[in-house]
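Both complexes shown next keep chain A, but they swap its partner, so chain B is in the first and chain C is in the second.
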Partner chain A sequence: MTATATPAPHPTGRTPAPDHRARRAYQRRRSLVNHLLVAPALLLSVLVVVVPGVLTAMAAFTDWTGIGFHADYVGLRNFTDILADPVFTTALGNNIKWLALFLSLPAVISLLTAWLLLRRRRTRTFYQVVYLMPYVLAPVVNAMVWLNIIYNPNGGVIGALHIDSPLSSLHGAIYAAAAVDMWHFWGFLTVVYFGALRQTPVEQVEAAIVDGAGSWQVFRHVYLPSIRPTLLLMGVMTVIFSFLAFDYVYLLTQGGPAHSSEVMGTYAYAFAFSAFEFGKASAVGLIMSFFGLIASCVYTWMSRRQLSS
Partner chain B sequence: MRNHSRNHSVKTRCKGVMAHTVLLVFAATALFPLFLVLLNSFKSNAGVTGSPFSLPKSLSLSNFTTAWQYGAFGTGFLNSVLLTGTTVVVVLVCSSLAGYVLAGQKIRMWPAVMVYLTMAMTVPIQLFIFPLYAGVAALGLLDNVFAVGVILAAINMPFATFLMRTFFLNVPKELEEAALVDGANVIQLIHRVLLPVVRPGLITVGVIVGLSAWNDFLISSTFLHDPSDQTVTLGFLSMNGTFSTQLGVMMAGALVLILPVLGVFIALQRYVVDGMAGGAVKG
Partner chain C sequence: MSRSGIRALGAGLVAMAAVLSACSGGGSSSAGGRQTLQLWFWGASPQQQKTMQSVLVDGFDASQSKYDLKVTFNNAVDKNVQVALSANKGPDIVYGSGPAFSAAYAVQGKLADMTPYAEKYGWKDRILAPMYESGTAHGKLYSLPNSLNNLGVFYNKKVLAKLGVGVPATFTELTADMDKAAKAGLYPSVTGNKGWKPVNQNYISMFLTHVAGGKAVYDALQGKIKWTDPKIAKAVDDSAAFYKKGYLGGKDYANLNFVESMQLLAQGKSPFFFGPTLAFQFASDSFNDAAGNTSDLGFAPFPNVTAGLPSPSGTLGTTASLSINAHSAHKDGAAEVIDFMMSEKFAQQMNKSWPGYWGVPLKKFDLDPASYTGLSKAYVQSVKDTIATVSKGNYGFFAGTFFPPATATAFTDVDGVWLGTESTTDFLNKVQSTFAAEKAKGLVPPVPEPAG
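== the complex of A and B ==
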């Protein structure tokens, strides 16, 4: 295989002339080497993600305890049990609340800040670094900081302001956890959207200004259409990750009080590692993946043009 | 903006002030909790509960030594370094090899590999963690930071391969052809020709994947239970119950974990920002 971008000719495509034999042997060797170069990445991913993923799909229909590998087929019982469980309904509802929050607040804040950064040539690096600081810190650290110094009624900001901790409220806990996750996340979106906004062709922007368009009109009719692919991509990613939310809920509320802030991620995790019902945990995992899979198919379909470019 | 009139220039400046105000408010939002950590890490518990906004009366380091001891930060940092190092090395080797082949479309099934990687990038951890746990336990690899490092490498692999692919797309075709004409083999080609060109890509992938391994919670807390095998973030987490009434110590522990990460991030911020913006824009 040479360095040109054309794919290797099909080996059975035509009868080779004898003087081409050496060249074909060379190409076959190159092709083997190229396959060997892709193999480690693919093998690792298949071993860690695909094989256990298939096992999850099978375990969801069994009473597997996670201890040893013995399990009995129970049909759809795990699914009927879960769908009848009011905690599952709460968890699904919380995932949808999470999704609605993440599609609105961080998106608006990051678009606003990214747009303002376009004109700030000297300070844009400074702002981006500051905005990314919560994003590069560990969820454990962020959650412990908020838990102890902000949401703490004895010694935290909440206590100093004489407000009840939202983490102990049946209605507020999920929003309190989402607030920390959004605080950690929005800076990432700013950097992504700023990177996309910068790729808008200058001529289009200048033409709009010459035509007398105001700042808002330029944003609405030039910049926004220009970053549409990035907006869609981030939207799909937000959908996927909203159904997988785990860290901040688990660390801040453990799904409490009284399961009011449970999300599907924490719900599945408790089945596996508190109740040792790996079968049920797998069923919840499968349901979560279903939402992710829809979004993932949409994403793969949307990026098909980039994949084939 | 040309200053056609004095009025116009005043308006522009006014807008600039407003823009800066908005940007600064959001910068303050991002930094406020971290500022509270700094302020309270030097205070006694009474000092924190008195008011989280007051300045510390002295710069005593006793909170830091207590946190270091009870959070087992010594072993924790060592384990975090071993785990993150494993992840970064495995990811860099495998993703750059695969990214090179995919960028050059050097195998016929490359579109299938791309679709597979796109799907794998969005697979939820909860879809594979339960059987993975049983499998890792059966192999006797629980509490093994290297095994967890490899698992995190596998999870980060699709994203890293995509990013490496975009960097390899920038390698001029002529450069590679010239090397092949000169009779270089694949190893020489990668080492002498490709690596120098994609070095920024390797740094970008290394930093982003390294941060995500260093910060991981779900995988490492599931697979590392023995305190002597836990990462530094897990050691800090284990202090939470015991030190909930010693907020100064908790904040000192948080600061010890925050400073090195922010240090590395600020030193390499160009690569992180470029990787995030570029990776998302180019797909």
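== the complex of A and C ==
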């Protein structure tokens, strides 16, 4: 037999029992401590993310030069000016090309390499280190290496092969810049995919092999479904990164020649730091964030859908 | 959490606040009773930094007993200055990549009015009029250029001799020489905008001067004619034709920078390099006494394309501008530094080991080229020649110096016309609308009228 202890009701108008007061004081103190613990991170987020974000959104509707504190409200003029500028169309198109390239080439090569690494039990650590090297180097170093050793017409690989540098081509410059960024990125993607592939339950793989599945079938029906969340996350991150592309384009072509390799990041930078038109730069920044936001929403929606199913 | 935990947390927060406070930095500190003056400068080479330290810093510190000068070198100086000034912080002496930068800062009240110092030190009487005026806005002085700069033709004497041609005196001779070089398998000229797109401004400015003429550009800056004027349109078209014929770096305009171009010129891969006199500083690695080829390098004015324009003529610019931070606590000290830099003695010493960057724009620039060695000799001569040309009123305007910032940026996009992605009309319409907006904001620096 079990006895259930029912707490006695508080007699109305009476002072709470001492242990109850102590518990409340303890809860208040604990709540205060929790708030204090959260405060630095919250404050930092507000200062570093929320405040600049709100200010950028506000600046997009002004003619702020980025120097003083004076700015006049210009309504949607920054947006209409940008949308009417053919360079913006080129920049947006290049960001979309960048996205298409990054969602295909590095993703496929990395996945393939990661799968091959699964079979290399002894040497895979070495390979992972090698693949990660371009990723851990600063973009400026990678860009200088490619500019001086590969794309240099006087003493570089391009010069030795007697071919024109793609960086001076209206049609090739964006691909030349993307190639360097993909070279720097794919090793990282390989290591991430490899880590995900290794999480696939061994029993499932063994069961598939026992059932007579070939290598491709094991990969297609066991590994791929297993790493789907990782693929999805990296896909979304790639979309976000693609619309934020800046460093390699800036370092290799500065958006040229004749804006042919312009991306929205370099387009905004020129407004902010060459023409002193921070209002327009902020408007471009908002448009860039919009694409990232869409990608994040799609990711959240797909994650929820996956959870519910 | 225990009381001791709360105490530890509190101590942590205090420590964090202290660290953040320390990171935020402070104003200028005093050392040994002297106040520290700050100057932020671009990331010069170690040798150039050494020269700056011995001539400017040590020289200024020794010249008075109130201030210590500290120079910080950083390649992102323009961006750093812009951000710092926005927050009412930054160095006492404000470096800018030309008066167009300082005009934008002046309009926002970030720079101190230097007119009282100009009167005190007699700057207006000492400095070349176009150079002095370039730093004024609404009748007040906000910046002074550290050096004048002229766009012209660098040539390798040995290559010209090998091609059997002399230094070109006319545009026809120049193009004929370049055609000959191309036939000999050389670059017609070496130059490029690798790593710095505004290099385009050099070449469009050069064509504006030698096709449309300095007077037409002056009229456009005054708003008397539009930037879509046929004279200016012809200058843009001629620059495009020049580019398309490969006269600007052949196929490698996007793959060369000034340092590489000077290397190629020294290696005899081309007879010419078109560019600003500041390129002398990039030439010193390739043309020097150790290599025994210093005397191979020559500099001449770019010949006029349109007949009847004053000749010889130059495209006048500056390498940088010096201003005083409106929020500096040591404006007098900053003015003293600028005055120190606006002297013949300073120019004399800096040019000994750093040719190309210190052609102090003095009316009386009595430096004797014969007393210099290496490239300094040719550079000092080029500065003297430029001053003589400017004194006669034979000059045009370099976009990066005399045009307001967004207009100068719009001119950077001239490569769209060169590469055929944009028509001259569309390009100039964009320039005109950008300029009109900036003129309305009072961002156009006043300039003296050239002769023609």
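Note that the second predicted complex is superposed on the first by the 280 of 309 C-alpha atoms of A that agree within 3 Å, B and C clash if a C-alpha of one lies under 4 Å from a C-alpha of the other, contacts with A are read in each partner's own complex, and residues count from 1 in each chain.
Just so it is clear, a residue touches a chain if its C-beta (ideal position, glycine included) is under 8 Å from a C-beta of that chain, and two chains touch if they have at least 3 such contacts.
Bear in mind that the values here come from a model prediction, so they are computed numbers and not experimental data.
Trainee: For A:Q204, using the defined touch cut-off, is the partner it touches chain B, chain C, both, or neither? Pick first, second, both or neither.
Mentor: neither
Trainee: Just checking: does A:G66 make contact with chain B only, chain C only, both, or neither of them? Give me first, second, both or neither.
Mentor: After superposition on chain A, A:G66 lies in contact with both partners, chain B and chain C.
Trainee: Where does A:P40 make contact in the superposed view: on chain B (first), on chain C (second), on both, or on neither?
Mentor: both
Trainee: Figure out whether A:S289 sits in contact with chain B (first) or chain C (second), or with both, or with neither.
Mentor: A:S289 contacts chain B only, not chain C.
Trainee: Just chain B (first), just chain C (second), both, or neither: which does A:I149 touch?
Mentor: first
Trainee: A:F273 in the overlay: touching chain B, chain C, both, or neither? Say first, second, both or neither.
Mentor: both
Trainee: Between chain B and chain C, whom does A:T253 touch in the aligned arrangement: first, second, both, or neither?
Mentor: So A:T253 only meets chain C here.
Trainee: Which partner does A:V192 contact after superposing on A: first (chain B), second (chain C), both, neither?
Mentor: In the superposition, A:V192 touches chain B alone.
Trainee: Could you look at A:S168 and tell me whether it touches chain B, chain C, both or neither (first, second, both, neither)?
Mentor: second
Trainee: Is the number of chain A residues in contact higher for chain B or for chain C?
Mentor: B
Trainee: Find the residues of chain A that appear in the contact set with chain B and again in the contact set with chain C.
Mentor: Of chain A, residues 30, 33, 37, 40, 66, 147, 152, 154, 273 contact chain B in one complex and chain C in the other.
Trainee: For the complex, which residues does chain A have touching chain B?
Mentor: Listed in rising order, the residues of chain A that touch chain B are 1-5, 7-8, 30-31, 33-35, 37-38, 40-42, 44-45, 47-53, 55-56, 59, 66, 69, 109, 112-113, 116-117, 119-120, 123, 125, 127-134, 136-142, 144-150, 152, 154-157, 159-160, 183, 187-188, 191-192, 194-196, 198-199, 215, 230, 233-234, 237, 240, 243-244, 246-247, 250-251, 264-265, 268-269, 272-273, 278, 281-282, 284-286, 288-289, 292, 295-296, 299-300, 303, 306-308.
Trainee: Can you list the residues on chain A that touch chain C in the complex?
Mentor: Its residues touching chain C are 29-30, 33, 36-37, 40, 65-68, 70, 147, 151-154, 164-165, 167-168, 170, 173, 253-260, 270, 273-277.
Trainee: Contact residues on chain C for chain A in the complex?
Mentor: Chain C residues touching chain A: 1, 5-6, 9, 13, 16, 78-79, 82, 85-86, 104-105, 107-110, 193-198, 251-255, 260, 264, 269, 405-406, 409, 412-413, 415-416, 418-419, 421-422.
Trainee: What residues of chain B sit close enough to touch chain A in their complex?
Mentor: 15-16, 19-20, 22-23, 26-27, 29-31, 33-34, 36-37, 40, 45, 48-49, 51-53, 90, 93-95, 97-98, 100-102, 104-108, 111, 113-120, 122-135, 138, 150-151, 153-155, 157-158, 161, 173, 176-177, 180, 186, 211, 214-218, 222, 233-234, 236-237, 240, 244, 247, 250-251, 254, 257-258, 261-262, 265-266, 269, 272-273, 276-278, 280-283
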